[in-house]
Amino acid sequence: MRQCRARVLALQEVNREFYSLILHEPYLAATVQPGQFLHLRVDSGLSPLLRRPFSVAGAFPGTGTVRLLFRCVGEGTKLLCRVREGDLLDCLGPLGTPFTPAGADPAVLLAGGTGIAPLLYLAESLLAAGRGVHLFYGATGAAALLPLERFLSPGLLIHYATEDGTAGEQGLLPDVFQRALDNGLLPGELFACGPRPFLAALARGNQRWRFPLQISLEERMACGIGACQGCAVLIQKDGVTAYARVCREGPVFRSEEVVW
Amino acid sequence: MRQCRARVLALQEVNREFYSLILHEPYLAATVQPGQFLHLRVDSGLSPLLRRPFSVAGAFPGTGTVRLLFRCVGEGTKLLCRVREGDLLDCLGPLGTPFTPAGADPAVLLAGGTGIAPLLYLAESLLAAGRGVHLFYGATGAAALLPLERFLSPGLLIHYATEDGTAGEQGLLPDVFQRALDNGLLPGELFACGPRPFLAALARGNQRWRFPLQISLEERMACGIGACQGCAVLIQKDGVTAYARVCREGPVFRSEEVVW
Amino acid sequence: MPSLKIKLGPLELETPLLTASGTFGFGEEYATLMYLEGLGGLVLKTLTIFPRPGNPPPRLVETPAGMLNAIGLQNPGLESFLAQELPRLQECGLPLIVSIAGDTPEEYVELAGALRRQPGVAALELNLSCPNVKKGGVLFSTDVALLEKLVSQVRLAWDGPLIAKLSPNVTTVAEPARAAAAGGAHIISAINTLRGMVIDVAARRPLLGNRCGGLSGPAVRPIAVNMVYDIYEATRLPIIGMGGIMNTDDALQFILAGAAAVAVGTANFVEPHTIPQIAAGLREYLEEAGLESLQELVGAAHDV
Amino acid sequence: MPSLKIKLGPLELETPLLTASGTFGFGEEYATLMYLEGLGGLVLKTLTIFPRPGNPPPRLVETPAGMLNAIGLQNPGLESFLAQELPRLQECGLPLIVSIAGDTPEEYVELAGALRRQPGVAALELNLSCPNVKKGGVLFSTDVALLEKLVSQVRLAWDGPLIAKLSPNVTTVAEPARAAAAGGAHIISAINTLRGMVIDVAARRPLLGNRCGGLSGPAVRPIAVNMVYDIYEATRLPIIGMGGIMNTDDALQFILAGAAAVAVGTANFVEPHTIPQIAAGLREYLEEAGLESLQELVGAAHDV
C-alpha cells in the first residue's frame, strides 16, 4: 500500500452507464490483485471532502497501467468525469483483501451492475492462469450493460441477464444462475459483486447450493486503510459475531460469514 | 439589476498579475456604468460558497460584451481562471452606485494595483464624452502593471509610478501625484480606486487639495444587492455617522464622507 | 397538481418556504431581482425598539461550505419600521413574519404590543439568541425558566401566531423547545447561527470586527437537521426548520426530520431563486411519490 | 532551523502536532503508508474497560466540507489493549496519549490506574463526551460539578499529564474548561465532534445506523477556533486545539487563538501526510516571521 500520484492516460465514456479511466502507475499495476481497490482523491477542494473507493477493473504491469470502470452517481464521480489526460490523481492503494481463488474449475463469476468492475479483473487473471471461467452478468436492460467484448480476452463463457429482457435472458441474475444450475452447470467456486440485495439473494441461494462463494461488499469509507472503523460490516466467524472493516478484512468476504 | 447567464467569450492571462475575461451579455453591456460591478458565481459547488464581486473594466454595447480584469488571489479567483470559452457564468448585475463625473476638466484618475479595473472603464467613457483625462497608475513594479495600451483608446495622459522604480516614476502613487500638482497640474475632479491604505492616503492629501474626490471601496460581500448588511462601511453625511452598504450606496463614495 | 399549503398551528401558508430572518433585508432588494413564486412568507430582519447601528466591519467571512456573519442586528428601529418599511412591505401581499429582539423581556413585550393588529403582519418571531442585559448577558434561548416567562409575557401582548426561534448553542435543544411550548409559543423555529470565529493569520487577530460571528450555510446543516429531529420528539409544536438549505433534497431532510415549513437564508445570497426552485422541486417530489400534501412527510423519518 | 518543541504544562513534545483520537486507529495503518516526520505524538482511539462492538452501519456519511461519524467507541477493551496494542505501539517511539472513557467516574479511575506507569504512555486524555449512565445519560462534559469531580478523582489514580477533552455541544465552553482546571487537569483538548444528522431522503429515515453522529472536518473549524479562543480567556491551562485542520494556515488559526498544540483528525483521511506537511509549513512560517519558537504565537490573536 502506498500513496501515489497516478497519471491519467485516458478517460472514456464507454456508454450511458460507464466511464473507463486508465491510470499510469507502475507500482499499482504490478502489485494490485483482483478484488482490491484504490482510494482516490477526486478533487483538491473541501466539498466533496473525502476520497472515493474504486475497484481495479484491470491491471497491465507491462504498460504500468490500471483500469477503473465507474458510474457517475454523485458529486465525487461527477468530478472524476472531468479529469483530463495528463492530470495527476492522488490515490492510495492497492487496498483491501483480494479474491482468493482456490482452484476448483469452473470458476463462476456473478456480476450485478457496477459489480462487473472487480470481476473483469478477476476473470482476466483466472483466464491467464488457465482456469475455466463462466461470467454471469446482469443489469436492468441492454443499455446498462458494459460491452464486455471490449474489455475481456476471449475464452470465457458469458451469460447475460436483463430485467427487461432486452439482452440475454430475462430475469434477475440469481434466478438465471439457478436455471443454469438446473441445466447442469457445476461450478467449482463462485465470486460475486454487485448491489447488496443481489449479494444477499446469492447468499440465500447458496444455503442450498453450498459452493465456496466469495463476495465483494461496499460500505461508505473515510480512511480506506483500516484506521477509522467507519466501514464496518457485521461478520460471524468461528462463532464470534463482530464488525469487520470492508477496507481491510474486506471488501472480499466469504458469503457464509456475512450477517445479512 | 438582473440575474444573467453570461457566456465566456475569452479568458486571457494578460501578464503575471492580471486575467482578462470577456463575457457576452447584451443586457449588462448596455446598462452597466463605470464603477458598477458584477457578482459572479465562480462555481456551482459548496466551497467556495458565496459569489465574488468584480468591477466592470469595459463595456461594449455594440458587441454585447463586458470585460473584467482580475487577479488570482484565492480559491474563488483560482476557479475563475479555469473557465473555458463557451461556459456560462451566473452573474448578478449591474450592481452598486457608479461614478458620477461632474464635468470639470481635466478628470484625474488614480489607480493603485487592481484598482485599475473600474478606472479603465471610466477613462474610456470620459474620453468618449470628450473629457480631458489624466490617469495615474501605480504598482509595486513594472511586472505588476497592466499593459494599458492594450485596453485603452489613445488620447489620455498616463503617469506611471512603481515602488521599485522599474517603470515610470519611483515612489508611492499619492506622492507622485503630489509632485504633478506641485508641477502645475490642476485637476477638475478626482476618481480613485485601489487598496484601502492607498485611498486613505489620497483622502488625507485631499484635506489639503480639496478637489472633488470619488473613491471606490471594497468590502467582503454576501448578497451583493443590499439585503444582508454585510458589506458595511462607516459613512458620515449631513452630520450623521452610520453604516452604508458598499454594494448599494457604494462602491463609489465621496472621499470626505468616508470615516477612515 | 399537489398543493404545498401548510398549517403551522394558527398560521396558514400557501407554501412552506420562508426567507430566514436577516437574509432577505426588508424584501425590496430581492423583489426587483427574482420572481417571488413559491414564497410562503417573508421573515423580516430582526427589529428592535431603537435603531441599532450594527457592528464594525468586516462583518462577513466565508468559511468551508458556510459563512460567518456579525451584522449586529443593524435595523432602523420600531418607529421607522412602522412608518417606512411596513407600508411598503404590506403592498407585496405576502404574509409578513416580524422578527423581534430586545435586551430585556419588557422590550419584547413592547415590540409585540406595537405590532399587534398591524395589517399584513401574519406572525411574530422571537429571536431568542440575544443576550439579556438585565441578567448579565445570559441568552434568552439558554435559560429555560427565563425563556418560558418571556414567551408567556409576549403572549399577553400579542394575540396572533407566535414563533420562538431557538439558538443552536445549547447541549439539548429539547429543553428550550419545551420551555417555549410551555410559555405558549405556537411554533418553534430552528436553528439560528452557531458561534464561530476566523483568525486572520496574516494580521494575527480575529478577522471579524466583532471578533466572533454566527455560522450559517451548508456546513451547519447536519447540526440543524439533528436539532429539528430532537425538537420534533420533544414537543408537539410545528417547526420551521432552517440551516444550510440549498435545494429540494435539503428541504426534504428537514421536513422528514419534523419541520412543517423551512426557511432559506444563506442560499439566497448564492442563488436568489433557491426558494422558487425548491417550490417546484417539492411539487415534483409529491407528484412522483403520489402524495396529496406535504403534511404526510412531516416527521416521516422518525421511528413508527 | 526554528524549533517546534513545545511544553504543555508537564507534557513536552518535539512538535505540537498530534493525531486526533479515533482517526489514526492504533497507528499501524498509517505507519505503513506515511513517513511519521513531524508527528509530536499519537492520541489513540478511545479505550474503555470492556471491548465495545461499536454501532451498526452505516457509520459514516459525508456532509458539506465535513463528515458525520457514529463509530460508537468500538475498541478492543483494556485487557486486549495492554496485551496486544500497547507493546506494538511502544516500539514506534512516539509519545502515546491514551484516550479513555467510561460510563461512570469509577470506570475512568480504573482505566487510569491500569495505565499508570505503562512505558510509553506520555499522557492520559479523558474523552468527556460520553453519557454518564449512572446519572441518566448526562454528558460528563456538560455537568460541570460532575466534570470537576471526575477529573480530580482521576488525578488520584494517575500521576502523569492529564488532558480533559471537551465537548462542543455546550452554550459556554469556558464553564467545563474552568471545571476541568479546578479538578486538576493539566491540559484542555477541544473540540470533540458536534452532534449532527443526515436524513436519507430516498429511504425517509436517518442515514446513519445510530441515527445521529458526530460532525468533524473543515465545516466545524470556525466553531472550534472560537471555542479555543474562549477557553484561552477562561483558563490558564495549555490547550490542544482541533476541528477541521487541513493545512498550516488552519493550524496557525488555532495557535493564534490560544492552542499550544493542535490535533489533526479528519484531514488524515483526505491526505495522510497532512501532519508532516503542517510541520514543514510551521517551520517555514517561523523562519519567515523571524521567530525562534512557536510559543510566541500562542494566543497572539487576543487583545493585549
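Per-chain numbering from 1; labels A, B, C and D assigned in written order.
Note that in this section a residue touches a chain if its C-beta (ideal position, glycine included) is under 8 Å from a C-beta of that chain, and two chains touch if they have at least 3 such contacts.
If you're wondering where the values come from, they're calculated on a predicted model, not measured in any experiment.
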item	value
Intersection of the contact lists for chain A and chain C	B, D
Reference chain D; chain at largest CA-centroid distance	B
Distance from chain C to chain B - Cα centre to Cα centre, in angstrom	36
Separation of chain C from chain D, taking each centre as the mean of its C-alpha atoms, in whole Å	34
Rounded Å distance, chain B centre to chain D centre (Cα mean)	47
Distance between chain centroids, defined by C-alpha means - chain A, chain B (Å)	55
Junction residues of chain B, two or more chains touched	46-47
Contacts with two or more other chains, residues of chain C listed in rising order	64-66, 217-218
Graph class of chain-chain contacts, one of line, ring, star, complete, other	complete
Chain C contact footprint on chain A (complex, rising order)	46-47
Of chain D, residues touching chain B in the complex	64-65, 218
Residues of chain C that touch chain B when the two form their complex	22-25, 29-30, 32-34, 45, 53-62, 64-67, 69, 71, 74, 217-218, 246, 266, 268-273
Touching residues on chain B, where the partner in the complex is chain C	1-3, 41, 46-51, 90, 92, 219-234, 242-243, 248
Complex contacts: residues of chain C adjacent to chain D	63-66, 68, 139, 142, 169-171, 194-199, 201, 204-206, 211-213, 215, 217-223, 225-226, 229, 244, 249, 252-253, 256-257, 297, 300-301
